[in-house]
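This is the structure I have questions about; it appears just below.
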């Protein structure tokens, strides 16, 4: 039993990791078929992963409603919206448009509630960027000054008005992006990739076990 | 004298931030209502996508992965519309899909709207495959066996019954793929898990936030072009000679950028003044 | 009232979309019940939406149809692994979920390693390793064209950038002497690149705002019954009433005027 | 590579000549010379592939007309019937650039290379021999090679990617070895990051002013490496705070992170001998909604006016709002994240920012946790190798350009990406 609980997951991770790292170098049809089946399985398991998030969400908000915590009404709203959406979705067969390309009820809620809500939520940031620009974006150090100047040049050069006022600004912005930015991003890409590879190696060899849930053993 | 100066600076900096919110709202609203249509210059990275689309012969397979959610709709949706218009005008075989579940509806809508506009028929001219979970696993799986990953399209029709999908068995059969990304999974995953092995030509479109991060891929030829943000979409609309939402938004984009530029400059002027005052 | 031509569902949709947009924008005043309502509605709707899409995309198309119509019963194994994830919520069998995680994480870790070496390490090195000058018919030349990303001068700048930034994130040696100069160069490159990222992020946020305002302008039309104006007045009214009531009762929320 | 380039140049020159001849051709009398079949024709099983493909190679022709086209003919037996499966103009399918590394140079060192794959025209069955002929045709005359036989087979290893595998093995060994060494000696040298001094300064200032410290662990859950790093740094901060008796406020967005941070803080206070100063209210949960959480934290910043604010871990768009309000509250702000989209805002609005890997390095430096230290050292080793490869590669390819030789590519190609 201890083997099943402790060792088996580590064995599975190790085997899957080694096999699929090596699979990359093996062009043989058998190896390709293996990748095909495994990736298909992962897709299916991925569908079930939704349950995880769902249960956590339900637990959190049920807790709020049961305890009558301040704002529990919002949790009730959340549940109501969720169930309404599921029912509408099943009635519509999971499609936004019916056969005549008209919106189903499900598609309607998506287009007129979900899209505006999420879109607006993120557009709020436009206002906050502006207020931070006025209050907090100061050239405290030489580095910060450099950052701000580059930012202003790019903002200037990437809009029609900027290019209209100063035709060269577009080229400067283009050069910053194409040369300076891409060299830095390239170095970061290489560095971060080494980090991810190191993490993956640790996972495969059972050194890093955070993904198994809970504390380190 | 110094003291009064100081108090002016402090008072100016203490302006209610809702005043600045107002400023941004106006800078967005006024140009939208009174557009002056400043000329839009075309950048080489957007032109590269356009030129590649132009070079594709009729009947080539074009795959558009619309990997964005409603939060990025204003930026990336116009890119999807412009690319789809181009593809349908060129009579390419268009395959649409999404890797982000909340983007399914928008992707479906984009395909249906443009298809209707250009009188294209589902199944013969285009196919919408819908969404699958698993992100990078979906790309891997499509590379090996596209039909196995999407045995049916979004509407439940078996893929074998869609004539547009004949001869498209894996990603190797795709002539040009473009991922329109708003985060993970996106262009990076399409390169790492897709083009790296299955060797189709790949183009990228993304929100402006992501665009700078994709430049190393552009430089290394991992993607052949990049449409960045609303501005990129506007450039594509101009290349297509068909204005849309992106072109309409460009004047507001100009105005808001200049508001921010001015705000940053004011902020720093105040900062320099207050620092000098502290020193004296 | 609205003129003909607009179907009733679009009309109601216009009012709902406008109302919800304005609810979210009330956050600009400060956190308030209208915003919270919008936020929770959004979470509820998007979770509901995802549930349905997942049921059809995975449950029906990838499992039910292949199993019942094509007899692909081996798909029961991934389904079982998927279900085992939920064991997490039952302490006594929680360990079952570890096997599923092991399967998924093992696959992910294995597939990513060689692909990252290829796409993010070797390819990127390959593009950086370029001769510093070009040999032409007239001998060795040096191209100084800033606008061509592949010119010799830009290749050199790219090389310096990649080297110095890689070195900056190097923790096993002290940044002293020559090392300090390289690290400083790295910072200069980093800051300019962050500046570009900053500019592009601003660009993104502004585009989103433009998109939302565009909708609000469309919905301010008379054919929709001008929901933008009507609901704007209503929203402000509710907000003022709420703010007034908040003032009456002593501050209890964590939020303060900012 | 340079040879190839110069060869291509020659080919282009040749092409131009051909074009001129072609233009002039109608003026002259019709060309009556007979065509020679392609020289050095070879057919082999395509190496390093999954089967279903044959590779054809032949020498470049002294071409005599731009209308020249190649045709590939195939049959199941030597006598035919032969079926045309591919046709292309004479200027296609040259070998261009180092598409193949030196360690798998093909046995057909010819100028033309064409991979004939299973597709619409032909379906190869692995293990079955096929007969292939190459024909040329200039519209008037045609000629063809003798048929050659080859058998497509799948391969067990793609040797083109040997360098990839080699790097994988070396790096794996480096990681495992470094961790093992760090377990024995966790105090291996790591550079002290400037941000760590700022951490102490911030705590010192808070003590002087008698104001609390606000510590945020970011918006991600425990599976994110930056959250882990943030909790490690929290432990160190808590230790220092406990000895100075400064207040500590740690609001959370994730219940699991909350639980872990409670443990960490309590342990830190116990370790420094101040368990009585610890209260469980230091860590508390607000909500998981992004903007509501942000609004609440902003409220705390303005109400409590902390002397120092730590923004470590993973952040989304809320970074901007938090940093701006913290700045307004007049606190020393120290940020640290690997969320590259949010880094610029932190750099501008905070007093000190741990950028990307610096956050991991800071947590390894402070905690001396063997796995963290070892991984960091291994990554440094990897970076050192790549740095060296870059410098050497550029030097060699420049030398190659100057001396017009391909010899140096033997070393450089090890760091190229091949398929």
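Labels A, B, C and D are assigned to the chains in the order they are written; within every chain, residues are numbered from 1.
By our rule, contacts are C-beta pairs under 8 Å (C-beta built on N, C-alpha and C of every residue); 3 or more make two chains touch, one makes a residue touch a chain.
It should be emphasised that the depicted structure is a prediction, and the values quoted were computed from it without experimental measurement.
Shared contact partners of subunit C and subunit D comprise A, B. When chain pairs are compared by their number of contacting C-beta pairs, A-C comes first. The mean-CA centres of subunit A and subunit C are about 6 angstrom from one another, to the nearest whole unit. Subunit B has its Cα centroid 16 Å from the Cα centroid of subunit A. Averaging Cα coordinates per chain places subunit A and subunit D 19 Å apart.
Centre-to-centre separation of subunit B and subunit D, using mean CA positions: 23 Å. Annotation for subunit A: residues 21, 24-25, 32, 35, 39-40, 42-43, 45-47, 49-50, 93, 110-111, 114-119, 121-127, 129, 131, 135-138, 140, 143-144, 147-148, 151-152, 155, 158-159, 174, 177-178, 181-183, 185-186, 188-192, 194, 197, 199, 201, 211 touch two or more other chains. Shown for subunit C are the residues in touch with two or more other chains, namely 27-28, 36, 39-40, 43, 46, 49-50, 53-54, 57-58, 60, 62, 107-108, 111-121, 123-128, 149, 158-159, 162-163, 166, 169, 190-191, 193-198, 200-203, 206, 208-209, 211-212, 258. Shown for subunit B are the residues in touch with two or more other chains, namely 17, 21, 24-25, 28, 71-74, 102, 104-105, 132-133, 137, 140, 156, 196-197, 209, 211-213, 216, 219-220, 231, 253, 256-257, 260.
Residue ranges of subunit D in contact with subunit B, taken from their complex: 120, 340-341, 419.
Chain contact summary for the complex, subunit C toward subunit A: residues 9, 12-14, 16-18, 20-21, 24-25, 27-28, 36-60, 62-63, 75, 77-79, 81-83, 85-86, 88-89, 94-95, 97-117, 120-121, 124-125, 127-128, 146-147, 149, 154, 157-166, 169, 187-203, 205-206, 208-209, 211-212, 215. Looking at the complex, you find that subunit D touches subunit C at residues 2, 161, 163-165, 167-168, 189-191, 193, 286, 289, 291-292, 295-296, 298-300, 302-303, 325, 328, 340-341, 343-345, 347-348, 355-358, 361, 376-377, 380-381, 383-384, 386-387, 389-391, 393-394, 397-398, 400-402, 404, 412, 415-417.
For subunit C in complex with subunit D, the touching residues are 27, 30-31, 35-36, 39-40, 43, 113-114, 117-119, 121-123, 125-126, 128-135, 140, 159, 162-163, 166-167, 169-175, 190-191, 194-195, 197-198, 201, 253-256, 258. Residues 167, 196-197, 199, 209-210, 213 of subunit B touch subunit D in their complex.
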